[in-house]
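The letters A, B, C and D name the chains in turn, as written, and every chain counts its residues from 1.
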Amino acid sequence: MVKEKLKVGILGATGIVGQTYVKLLENHPFFDVTDVAASPRSAGKTFIEAVANRWHMKTKIPTKISSLKVRDTNDIESIDPNVKLVFSAVNLPNKEEIKKLEFDYARNGIPVISNNSAHRWTEDVPMVIPEINYEHLNVIPIQQKNRGFKKGFVVVKPNCSIQSYMTPLFALEQKGFIVKNVIVTTLQAVSGAGYPGVASLDIIDNVVPFIGGEEEKSEKEPLKVLGTINEKGISNRENLLISATCTRVPVTDGHTAVVYLKFEGKVPTKEEILEIWKSFHGPPQDFDLPLAPKQPITYLSENNRPQPIKDRDSDKGMAVTVGRLREDTIFDYKFVALSHNTIRGAAGGAILIGELLYQNEYFD
Amino acid sequence: MVKEKLKVGILGATGIVGQTYVKLLENHPFFDVTDVAASPRSAGKTFIEAVANRWHMKTKIPTKISSLKVRDTNDIESIDPNVKLVFSAVNLPNKEEIKKLEFDYARNGIPVISNNSAHRWTEDVPMVIPEINYEHLNVIPIQQKNRGFKKGFVVVKPNCSIQSYMTPLFALEQKGFIVKNVIVTTLQAVSGAGYPGVASLDIIDNVVPFIGGEEEKSEKEPLKVLGTINEKGISNRENLLISATCTRVPVTDGHTAVVYLKFEGKVPTKEEILEIWKSFHGPPQDFDLPLAPKQPITYLSENNRPQPIKDRDSDKGMAVTVGRLREDTIFDYKFVALSHNTIRGAAGGAILIGELLYQNEYFD
Amino acid sequence: MVKEKLKVGILGATGIVGQTYVKLLENHPFFDVTDVAASPRSAGKTFIEAVANRWHMKTKIPTKISSLKVRDTNDIESIDPNVKLVFSAVNLPNKEEIKKLEFDYARNGIPVISNNSAHRWTEDVPMVIPEINYEHLNVIPIQQKNRGFKKGFVVVKPNCSIQSYMTPLFALEQKGFIVKNVIVTTLQAVSGAGYPGVASLDIIDNVVPFIGGEEEKSEKEPLKVLGTINEKGISNRENLLISATCTRVPVTDGHTAVVYLKFEGKVPTKEEILEIWKSFHGPPQDFDLPLAPKQPITYLSENNRPQPIKDRDSDKGMAVTVGRLREDTIFDYKFVALSHNTIRGAAGGAILIGELLYQNEYFD
Amino acid sequence: MVKEKLKVGILGATGIVGQTYVKLLENHPFFDVTDVAASPRSAGKTFIEAVANRWHMKTKIPTKISSLKVRDTNDIESIDPNVKLVFSAVNLPNKEEIKKLEFDYARNGIPVISNNSAHRWTEDVPMVIPEINYEHLNVIPIQQKNRGFKKGFVVVKPNCSIQSYMTPLFALEQKGFIVKNVIVTTLQAVSGAGYPGVASLDIIDNVVPFIGGEEEKSEKEPLKVLGTINEKGISNRENLLISATCTRVPVTDGHTAVVYLKFEGKVPTKEEILEIWKSFHGPPQDFDLPLAPKQPITYLSENNRPQPIKDRDSDKGMAVTVGRLREDTIFDYKFVALSHNTIRGAAGGAILIGELLYQNEYFD
């Protein structure tokens, strides 16, 4: 029996992540966007009016979405009761307001999958990379019980800066090689700052060696992603230290990471690592989910890869590309990894969570 | 008594480093460029003809240099006997040819200060950063004796990629804090590859995570710079491990380095480090040499500095700018450093060696 | 009856235009690439070896092509006799050699469709934009007779710099509005110069207001495209003056043109122009050719369009996008036009000629 | 007798033009900045606090200015009565408010030289390029009489987009060659939009073929600059038509213009034009004013010049550089011109007006 498409909404639909949702969900086999919500300033306009002169995708606005009337994100009651899931890309200065808003949707019976960082440290909110910690979705019933939610819940995805190396690192741990220390320097794209985001005067012919809050996220979020479920939610992974320096470079899309790894105990050979990465797969691949990359970790043997312009769009922008794996004299290994920050690192990563939940009948 | 200006030549004068020499030596108080040499293709032309449509400096070609006839670099005999020093920016594919050429000039009585990497690992050729290992100039008599040179000799400067962090690191060692491990990721400017160098199609909106030979130089050259004199030349510094990843970014000038430091034994406090860097000076400052930066290590306390566009030209492009010093959870400290690769990292660094030698009466 | 796919070759297959052919012909319904030829340096290698580290397309090398052995372009005899058409992207410094080479293929029975400028001014070689002067293909029999070719012939496409405004201009002429004067300033992408092409040091943060030979091509080639057939070949269009200034800007792909038009006699209204552009179509659309854009002239009403990043890939990179049509106080109208220089302006434009010839049974 | 330095203020001192004033006035021989004013948000802070993390100049904040307390621009009464001149770079959305504010300063006895466009079309406010229409300063007494100002007055400078070709055009007219038609396409730098201004996502790898309001200014302002004084102010030049298309390119500083000229009557030869440009000078040169370029129009004979990176800083950023002068088939001549938009085109141009007024004893 063919399942019917699920009606879904997008909160913060007019921003750059919101637009990426709109683009990626066009003709999606599971989801049908019937609700777009944004700030009060956009509310009441059609979507095409609301994004006039600021549609940043390279494909056109899907005709069906163009004429949707934009709803005020804050007006939860106004949502069509047939909408069974919302993807959240809301972006308010006050994190507490976002937390409340996302929980209010959940309380109102609407599951929320969010890009926003507000709930990442809420203990009973899972922070999920579908190939890694899909089991954390089992926290959802705990959350619903804790919060008194009936059908709604909140799931979040981690920061875009960690996407390129978390899967390669996890793949090794899955095979019993325990990582103890990670030193990472990121070279991040301007789209990570949203729109208008980084001023051109700040970045043409330049590098900015600082991105507010990004290093803390890069150092802490992996600990929750690799954490374990307890009765109240997720406990952080222990005995793993990550140290990050995050820089901004004149690249539109695609975050590059230079990664140094040190293991605790057994150290894999280079051949073992390459084989582990090559054969790695998770539930998205096993279920052949629509947005799942066929090869989640793609290793490139040319010594000048991965590169943003050549590799960011790899497998619909959902694959992580890795290169330059070398034994290190101080740590054990070093390599370079890349992922598309607005696709795998934002909207695409969230949709993949949605696909996994849909596959597993989480929505009624 | 005012010393007379020394007549000097430039080998490889038409390339990008050669041109930087021409620019920096305009109106120099010690040196007077009277000889320009380049490949046979340019030989016989006036300098202005030889660089037609490929003069890359932002100032004009000095009038006096414009009309100099370009000499064939290989034709050593043709040099004006009044020239007492040549700066070498020759760039031939074959390193052995360059070694021979530079030694031939020395044998012919002409001291050579070179940017080229050919002689960096010749044991009796000092590789000098004037603020750090000026004492290595004492190897010159050993070299002259070994090689049978009468007045000539060869001195080289190390690679541009290490300039930004070597002085900060040395300043700490000078005060008794011994560095054991360095992990460094560089974000290097395209001018480091010369002209035409990096193709625009390879770097617009991109990062290339590899620069041929650069990581080896970054890992090994500091060991010689920090080495000690023995009876045959220089012995490498021991017990220091450096691990480097070198990337190319869409920046014209200015190499940025993200640096992690681990000490052996005593670890300085953050305040001690800042104070050591602030008060650091070497012979170039003590002699107030023309191209010496007043403050060789300039620490910027803003969290988004140093940046290439704002800081590369700091103190005539000769200062190293440093920022973001933070205690690290895995190593002891991390910071970001920047230096101008074609000035401090190439022509300017070589001229500063020349100035120090001139000040110390090394030229007859 | 389904026609069999035609076996085709690519001359100069390893350069940037050659690679674009390889990419665009992957899974092509009419053509099957079975022959790749390049310079003697690449000959004998597999295609993947020959383009190692210089494959510039964002998609992967088609598996089938990877393992093809590269043939020496100059060795005409070595071509598989089953190859019925070659696309030429050869790039030799000597135009006379290219002329001879392309005619030698034709003489050998192989039709040639070329991007190279060598034969553009050969009177009996048609220079074709399929939507405009498809009738010039009728010169082929004249050429075959003149040259003693049996089955072979040479057809060329005009320069990339004129593609964005020639179709809009022709569409108006087709409806009886005669253009007398065109003043055009182009802002051209770096990929137009091939690879390595424009040095990054020349174009980051810069504009170069000159491209060798480009203005002459922009001023003269339209006259042949709009010319008429005579018994010896093509006579240029008369009474049309074009004046061009061609600049290079820091854009990877997509040439922008700022165009001023003055008519002879009757002047269309703005509404008429928009309607003419909207409804314009030619044989590629009528035959629904595989690479034909559905809407060859796409007018965008937003005042800040067309833009390279948003519009160059419009309709597979084959549509011309136009915007900012305004009445002018000195001329009659001004507007801005954009086309993808390596797709519509090079390989894609040539393939479209091939598709039209295939559709019309020009190959045996 | 050495004149004392004049105490001056800067309105809108924290923006990008305001900062350029601060930089250019450091150690100025005529002017001493003792007053900095900005929006209420900055008022009360020291200058260094007010521009924290947004100082965009490449030189450091002058020490003396760092510690100045920022005044609220709107609080006219609070200005030190010893300030005898203010440079205005205020930037409010409402032009009427700016008009009032600048006149209020004038009414309060403070002369104002402004970059803002608000008063450009006020008939009795001269809009001055010092080399061209210095005689328009004679409108000041008319303005004072009209408005009841005693010592104050307002003078403005025209838009940055016209600076590169107005002087070359005027130089020809001064010698009796009357320009009738100008078609100009500009390729403008992002700094022209202020800070944060153009978003990096809008301009990396892109061209935006529209800048709001810029074409109207480019077409109309030259008519006032070339106008004549009447009893009420300035009458526009007649019989000159200018048509402009203004685009934004990925360049930080330096506006390039591609210019087509058609004369009424007598047409100069190419040699005459070059000679006229070479020998052109105006009062700034005659008085040898501090910021006056020695050679206001610098013609470069290389065919790939002028270029922003090589020529924008020509003669302190105050010279106009011109190249590629060619006879045209449709108009009479075409050429390319460049000027630094934030120096000659903004703060530097205004300071030069101030220097001319100071030289001519306009301040008490």
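Please note the rule applied: contacts are C-beta pairs under 8 Å (C-beta built on N, C-alpha and C of every residue); 3 or more make two chains touch, one makes a residue touch a chain.
It should be emphasised that the depicted structure is a prediction, and the values quoted were computed from it without experimental measurement.
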item: Relative to chain B, chain with the most remote C-alpha centre; value: C
item: Selected interface, A-C versus A-D, where C-beta contact pairs are more numerous; value: A-D
item: Whole-Å gap between the CA centroids of chain C and chain D; value: 43
item: For chain A paired with chain D, centre-to-centre distance based on mean C-alpha positions, whole Å; value: 47
item: Distance between chain centroids, defined by C-alpha means - chain A, chain C (Å); value: 41
item: For chain A, residues that touch 2 or more chains besides their own; value: 204-205, 250-252, 304, 309-310
item: Residues of chain C touching chain A in the complex; value: 52-53, 58, 204-205, 252, 302, 304, 309-310, 313
item: Residues of chain A touching chain D in the complex; value: 16, 56, 190-191, 195-205, 250-252
item: Sites on chain A touched by chain B in the complex; value: 181, 183, 185, 187, 204-210, 219, 241, 243, 245, 247, 249-252, 256, 258, 260, 303-310, 323-324, 328-331, 334, 336
